[in-house]
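Input: a single structure, listed below in structure tokens.
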Amino acid sequence: MKFPATLTTLALFCVAGLSVRAQDDAQRVMEAMKVRMQGAKVYDADMRIKVDVSFMKVPESKAHVHFEAPDKTTIDAPGFAMIPKQGADLSAAKLLSQPYVAVSAGREMFQGVMMRKITVIPSSESSEIAVAVVYVDTTTMTPRKVVSTTRKGGTITAELVYNDAAARVYCLPSYVKLRFDIGSFQIPKTMSGDFENSTKEAPKGPQQATVEIWYSAYRIR
Amino acid sequence: MNVIELRGLQKHYGTFRAVDGLDLTVRQGDVYGFLGPNGAGKSTTIRMMMSLIRPTSGSITVFGESLHHHREKILRRIGAIVERPDFYNYLSAFKNLELVGRLSGADVSRTNIMRVLGMVSLDERAMSKVKTYSHGMKQRLGIAQALLHNPDLIVLDEPTTGLDPQGMKDIRDLILALSADHKKTILLSSHILPEVELTANRMVIINKGKAVVEGLVNDLLNAGKMKVTIETDECASVRTALSTTPWGGRITGVTEHAVIMQLDRAEIASVIQHLSASSIHINSVVPVRSLEDYFLSLTSEVV
Amino acid sequence: MMLAALRVELAKVFSKWRTYIGFIAVGLLIPIIVLAMGKEGNQYFSFATQALSQAFEFKGNLMNGYTVAYIVFGALYIHIPFLVTLVSGDILAGEATSGTYRLIFTRPVKRSTIVTAKYIASMLYVNMMIVWMAILAMVLGVAFLGTGEIVVIRSQITIIAEHDALWRFVLAYGFSALSMMTVASIAFLCSSLVENSIGPIMTTMAIIIVFTIISAIDLPMFDVIRPMLFTNHMTGWKLLFDDPVPWPRVFTSASVLVGHMVVCFVAAQIIMQRKDILT
């Protein structure tokens, strides 16, 4: 009867050891990316933003992002622009700028590439993100997808592409696709003055927004 | 040349016949009196001649051409007042004439418009809005708009209504001058019978949509009975002398110095002869045949 | 002769004080609306975009002259028909009331020419009113609030890029002129039927109100007649602010309106040709 107990104990130690090793490994991967991201102390880039919301038709807009370490991000637009409040500032960088715990969550295929899945749990109570799952392309060591769950209960999915080699060094993407939930939409007819019934019905219930942002002309210092 | 020829003219409103087979002819140079009691069909006839109303049947020929086929060509040569002259009250007299003159193809220069307004004594009020005009002034303005484009035929429907005696005389003199000096043909419809009697040379009397009598004014007035006033100081003797004769029943009135009788023209000499034979002294005999008398004699029996 | 007749009709129309009521009313209303929207117009957006304000930050000059011009247009659209009928409803019936049919229809001009000249004068008045509204809204709006994107709030929110705005406005004002000419045509037809100008004005407004209500009530029994009602097509100018513009619907609505105009004009001509002038 001692044998099974011993084996069990040994097995538990092995799993714990492996877990600790896995956590160490995930933490190392995230730290490595963080270091690369922090390498860009100051950068500027041009943005082209395309917003897709079911009850809105919005033209593409242009904007400009300016970042100064550690966390000062300014987005300006010469004309009209709809800037998503979350995600436009390169979500992975913001996520890793605060204390966190990273845990390996296995691997998964994404866009034809096997990615490391790492769960990132911010330690700070003030963080807006409750938990995030980061899909890391281990060949380039860049986050390709981030699924963040906010403390308010919403989910933001960011898909990132890195076509600019110079920017890739600092994990700065050339393209981000964001998807997140927004509230329900209701306009009273008296406001729209729209009494005809042939127009489209306004969509009911909570809606989802998709925002695509192209970054170009990086100036990194 | 016949300027106006109406043949078998009819206008029906349902079962009511406003004009019922009217025939008349207006010759060039006529001042043609167009008479009839209220509701006889005068205004309806004039409106048909001016193409304001479509005839039910019959023909209207003006200047030898059918009104139906040559409306614009004919109207270019007609100036008319149809019933009460109405204008754009928010515009001045000058502006009113300018606008209607443009539609008539008239000379709408300031000179010509002021000349026409001068003819009707409105030149000093040319720039006043028509809404400030009296009825008589509007009447004169109506005549001005009828004359502006120098028409060959002038149709005047009650042109002296609302005018004072001087105004009536002025219009009468204007009508006579237009006829005599400018060789215009004038169709004159009026209820003021003495005016027609003084200006018209030919006339028609219509009643219930039909012509009752048509012809030269003098001929019509000289036919039939007329009022004869025998001025004398022996009125009682005249009554006694005539009482035994067929003319006794023709005495219509006796005043202190006159006996008034209804006699045919041919009878006057016989009456005078009889009274002279009765040794009655007569101061004067005045036969008067008024248009009013003639008109009433024709229309009252059927009214 | 048509030019002479048109000149006469325009002189009469623009000599009446009632012609200027519309211009004065628009001239007073638009500056008030522009000022009010400039001061508090952002509330207009926040009410509509509250679902988005948590997720997005809006940058740019949204409460700008173009947006205000669009809003002004939509707001005045209800009231312009009344101003239009003031002139069109009076243009024939007014002659009967004042007794001046006798003055004009005894001229050596075809009745059809005079009626056509009156119709054209009425349409010119409508177009001048729309142009006045357009210029005032755009000029004042842009002068006070600058240019920017147009925010169109209907069953969805459409934001039209600044460079994409001006041609839409031009076409929209053209379409609305067509809508108002349709209203004027109906008033013109009513004016040919009666001898008092109040009747055509009231009748035309009653027709618009009744048809608008039928258009708004969502009952299957109205589905058959709704596409034929001109009020259903008068708001076609809004389609020009959709993205993409549904051109077949725009052309269909425009065709329906033109059809109404033609029918009203021809009917009025026939009535006036046959009419005995008794006034």
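By written order: A, B and C. Residues from 1 in each chain.
The definition used in the following text is that a residue touches a chain if its C-beta (ideal position, glycine included) is under 8 Å from a C-beta of that chain, and two chains touch if they have at least 3 such contacts.
Note that the coordinates shown come from a computational prediction; the quantities given were computed from them, not determined experimentally.
K.L.:
Name the chain whose C-alpha centroid is most distant from the C-alpha centroid of subunit A.
P.N.:
Chain centre farthest from subunit A's centre: B.
K.L.:
State which chain is most central when centres are taken as means of Cα atoms.
P.N.:
C
K.L.:
Report the inter-chain centroid distance for subunit B and subunit C in whole angstrom, where each centroid is the mean of the CA atoms.
P.N.:
The separation of the two C-alpha centroids amounts to 52 Å.
K.L.:
Using Cα averages as centroids, what's the distance between subunit A and subunit B in whole Å?
P.N.:
Spacing between the chain centres: roughly 103 Å.
K.L.:
Which subunit A residues touch at least two other chains?
P.N.:
none
K.L.:
Note which residues of subunit B are touching subunit C in the complex, please.
P.N.:
Within the complex, subunit B touches subunit C at residues 47, 50-54, 71-76, 78, 80, 82-91, 95, 99-100, 102-105, 145.
K.L.:
Please name which positions on subunit C make contact with subunit A in the complex.
P.N.:
For subunit C paired with subunit A, touching residues are 47-48, 50-52, 54-62, 74-75, 77, 148-149, 153-162, 164, 212, 215-216, 218, 232, 235, 238, 242-243.
K.L.:
Subunit C touches which residues of subunit A in the complex?
P.N.:
For this pair, the touching residues of subunit A are 51, 53-59, 61, 63, 75-77, 79-86, 180, 182-187, 191-197, 199-202, 207, 209.
K.L.:
Applying the document's contact rule, which stretches of subunit C touch subunit B when the two form their complex?
P.N.:
Per the touch definition, subunit C meets subunit B at residues 1, 4-5, 7-8, 11-12, 15-17, 98-110, 114, 274, 276-278.
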